[in-house]
Amino acid sequence: MSEFFSMSGYGIYLWPAFALGIGVVVLNLVMALNSLSNARKDARRRLEMNSPEETA
Amino acid sequence: MATWTWFHRFGSPPYMYGFARRWAPWFGGVAAFAMLIALYGGLVLAPEDYQQKDAFRMVYVHAPSAWLSLMVYTTMAVAAAVGLIWRMKVAHAVAAACAPVGAWFTVAALGTGMLWGKPMWGAYWVWDPRLTSELILLFLYFGYMGLRAGIEDTAKADKASAVLAIVGVVNVPIIKYSVEWWNSLHQVASVMKLGKPTMNWDMRWPLLLMLLAFTLYFAAVLLIRLRAELLRRERNASWVREVVT
Amino acid sequence: MLSVAGLHLWRGERHVLRGVSFTAEPGQCVLLTGKNGAGKTTLLRAIAGLLDPEEGQVQWRGAAARANRDEFHSEVAYLGHEPPLKGDLTGRENLHYSIGIRRTLSPDEIDAALARTGARDFADRAVRTLSAGQRRRVALAGVLLTEALLWLLDEPTTNLDADGQQLVATLIEEQLARSGIVVAAVHHSLALAEGRLTQLELGAR
Amino acid sequence: MKTNPLEVARLVAARDLRLAFRKPSQLLQPLMFFMIVATLFPLTLTPEMSRLRDAAPGVLWVGALLSSLLALEFLFRDDAQDGTLEQFALSGQSLTWMLFAKTCVHWLLTGLPLALSAPIAAMTLGVPGSAMWSVVASLALGGFALSLIGAISAGLTLGARRGGVLLSLLTLPLAVPILVYGANATQLAIAGEAIGPPMYLLGAIAVLGVTLAPLAAAAAVRIGLE
């Protein structure tokens, strides 16, 4: 197992690289979901503020 | 005729919003599944390279990031062109949704490239043509996002940044060629090039699967971001009421 | 001849033009009125093709103005809030360059137009040194020189004295007599013959 | 009678030239900036001529690029503010053609003087006299290509806040190929070699720029006027 993690000695470069790659993958997903939920909240707040007649 | 209706449907924000909501989980799910298999294939099943040993496994994260960085820019430029030519709002929203994702994967490609470079070249940064091009691509993304942020009116920002994206995409091959040309003039002796060692099938299928997984992942993230963009842009439209309540 | 149909235009959050429609035949003047922010300038700029309306169309001679932009523009004179003049050039030089790119001009024509708008006396001074009213007179000479059929004027009487305001009215009358069309945004009504006048109040809801 | 295209270009150019010569300080400032940048390098690097000579292509090209960026800010800004661009856009003439004329004049007033004064800076950096013609030629051609690309960014930033920094941010990455070929030409010239290959590539970029950049700049300016 430790042999797998050492990756013939390149592990100290390999694992950070994979962490970075996977980190960017996760981060982008989270940011996208975040911005979607913010946009939905915003839209809902606007709908509550404006009376229905005005949004024609 | 069929293409025309297709075109109109995708030009309609509520249709596109529904489409994105339906499909994003599928793309995301398949991407996650493929990514896991590709990781296992790349890190465990694939044999080590006779020259780079296990360091070659970098390719499974570096190459897909680099691929996305360029692919996203191209997608952005195509969407921008469609938006500019057919005055299609949804296309502009797609372009706007692309930029941050592309910039992040350019950063990932640079970072993984540097981490690959350290054991191969003995330094994190070497003026390798591919890393250099990637860096300039990052600056192109910065310019695009800076222009978008600098113009207040969304419609105006859409159009101006669309022109920039098109100019940029025409320039990308020229930049790439010039950087390679520059590098060939200053060839430093015995620097190992990053990139494809000769790969056999066991090494190659995880890479291909990973490229596919990243592409599907991008589609999923793009669709989610697109929904957010559409909600923000169409906040006065009546369909928004139906989808958020 | 000029027909504006169902123009809708947003500026950011504001829905400025909400379905504006009108037509103007040769010899007709349309006065755009309405409060500040009612969209007079926006409408003029949209007709000129400087702004791109989200919905609706501007037609000129029965065809979409946007599709035949250059032909349309060669028949349009647009005068905005600020006279489009270079401060470092004289009035005469300004007209020579800015109208000269539209059509071939002789110095006599420029002189005649400047005389017509009462700007000849100060036409050889740098525009920077002129008063706002004097600049407006130079710019009006420019409008005359375009020989355009359609005039789009944004507050043409701004900064002008009583004489100047009368001058603008007379110039418009003459343009209408030549079978021209004038669309003007105004605060105060102009002294024009009733028959040729249509008034369009914007923002009235 | 509608003015013919050649006359249009002549009038656009004549106006810009006349205006420029009424305010000569605006013309000289980028030049002085270039000279100062070139002076700073020996002060920060080394006064040793042999080492400066190695750095000379970089100093000359980065200096030229930065000072032409300064000048680019003035390309459309005044004309946008006083309504001249609007009159161009509504003149019924080709905006693309008029902006091309403007860009050429801009190069004539900034890029060319910069190239012509480069030998002074080059001399202080230890560039041999035999290389001067090539230095001037490469900077002149590269400066022309740079003006064309810069016209696009200048048009795009018309509607933006903080246009100045943004203008550089947009232009610099697009200018990389010009910089690479131009600096290489200068380098070859200093080494006493033929500068043909990079000059051809620079020329190719300029040709591409002439055909495409004014179109993009016109589109950008129309958007900026909205």
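All chains are identified by letter, namely A, B, C and D, in their written order; residue positions are counted from 1 within each chain.
Throughout what follows, a residue touches a chain if its C-beta (ideal position, glycine included) is under 8 Å from a C-beta of that chain, and two chains touch if they have at least 3 such contacts.
In this text the structure is predicted, and so the values were computed from the model without any measurement.
Put simply, the chain nearest the middle, going by average C-alpha positions, is D. Pairs B-C and B-D differ in how many C-beta pairs touch across them, and the larger number is found at B-D. Centre-to-centre separation between chain B and chain C, using Cα means, comes to 48 Å.
Chain A and chain D have centres, each the mean of its CA atoms, that are 42 Å apart.
If you average the Cα atoms of chain B and of chain D, the two centres end up 32 Å apart.
If you average the CA atoms of chain A and of chain C, the two centres end up 52 Å from each other. Chain D has residues 226 in contact with two or more other chains.
Residues of chain A in contact with at least two other chains: none.
Multi-chain contact residues, meaning those touching two or more other chains, occur in chain C at positions 52.
Checking each pair of chains for touch leaves A-B, B-C, B-D, C-D.
If you check the complex, the residues on chain B that touch chain A are 28, 35, 39, 43-44, 48, 53-55, 57-58, 60-62, 64-65, 100-101, 104-105, 107-108, 111-112, 115-116, 118-119, 214, 217, 220-221, 224-225, 227-229, 231-232, 235-236, 238, 240-241, 244-245. By the touch criterion stated above, chain C contacts chain D in their complex at residues 48-52, 70-76, 78, 80, 82-89, 93, 96-98, 100-104. For chain D in complex with chain C, the residues that touch the partner chain are 1-3, 7-8, 11-12, 14-15, 18-19, 22-23, 82-84, 86-94, 98, 225-226. Of all the residues in chain D, the ones that touch chain B in their complex are 152-153, 156-157, 159-163, 166, 169-170, 172-174, 176-177, 180-181, 184, 201, 205, 208, 212, 216, 219-220, 223-224, 226. Note for the complex: chain B touches chain C at residues 87, 152-155, 236.
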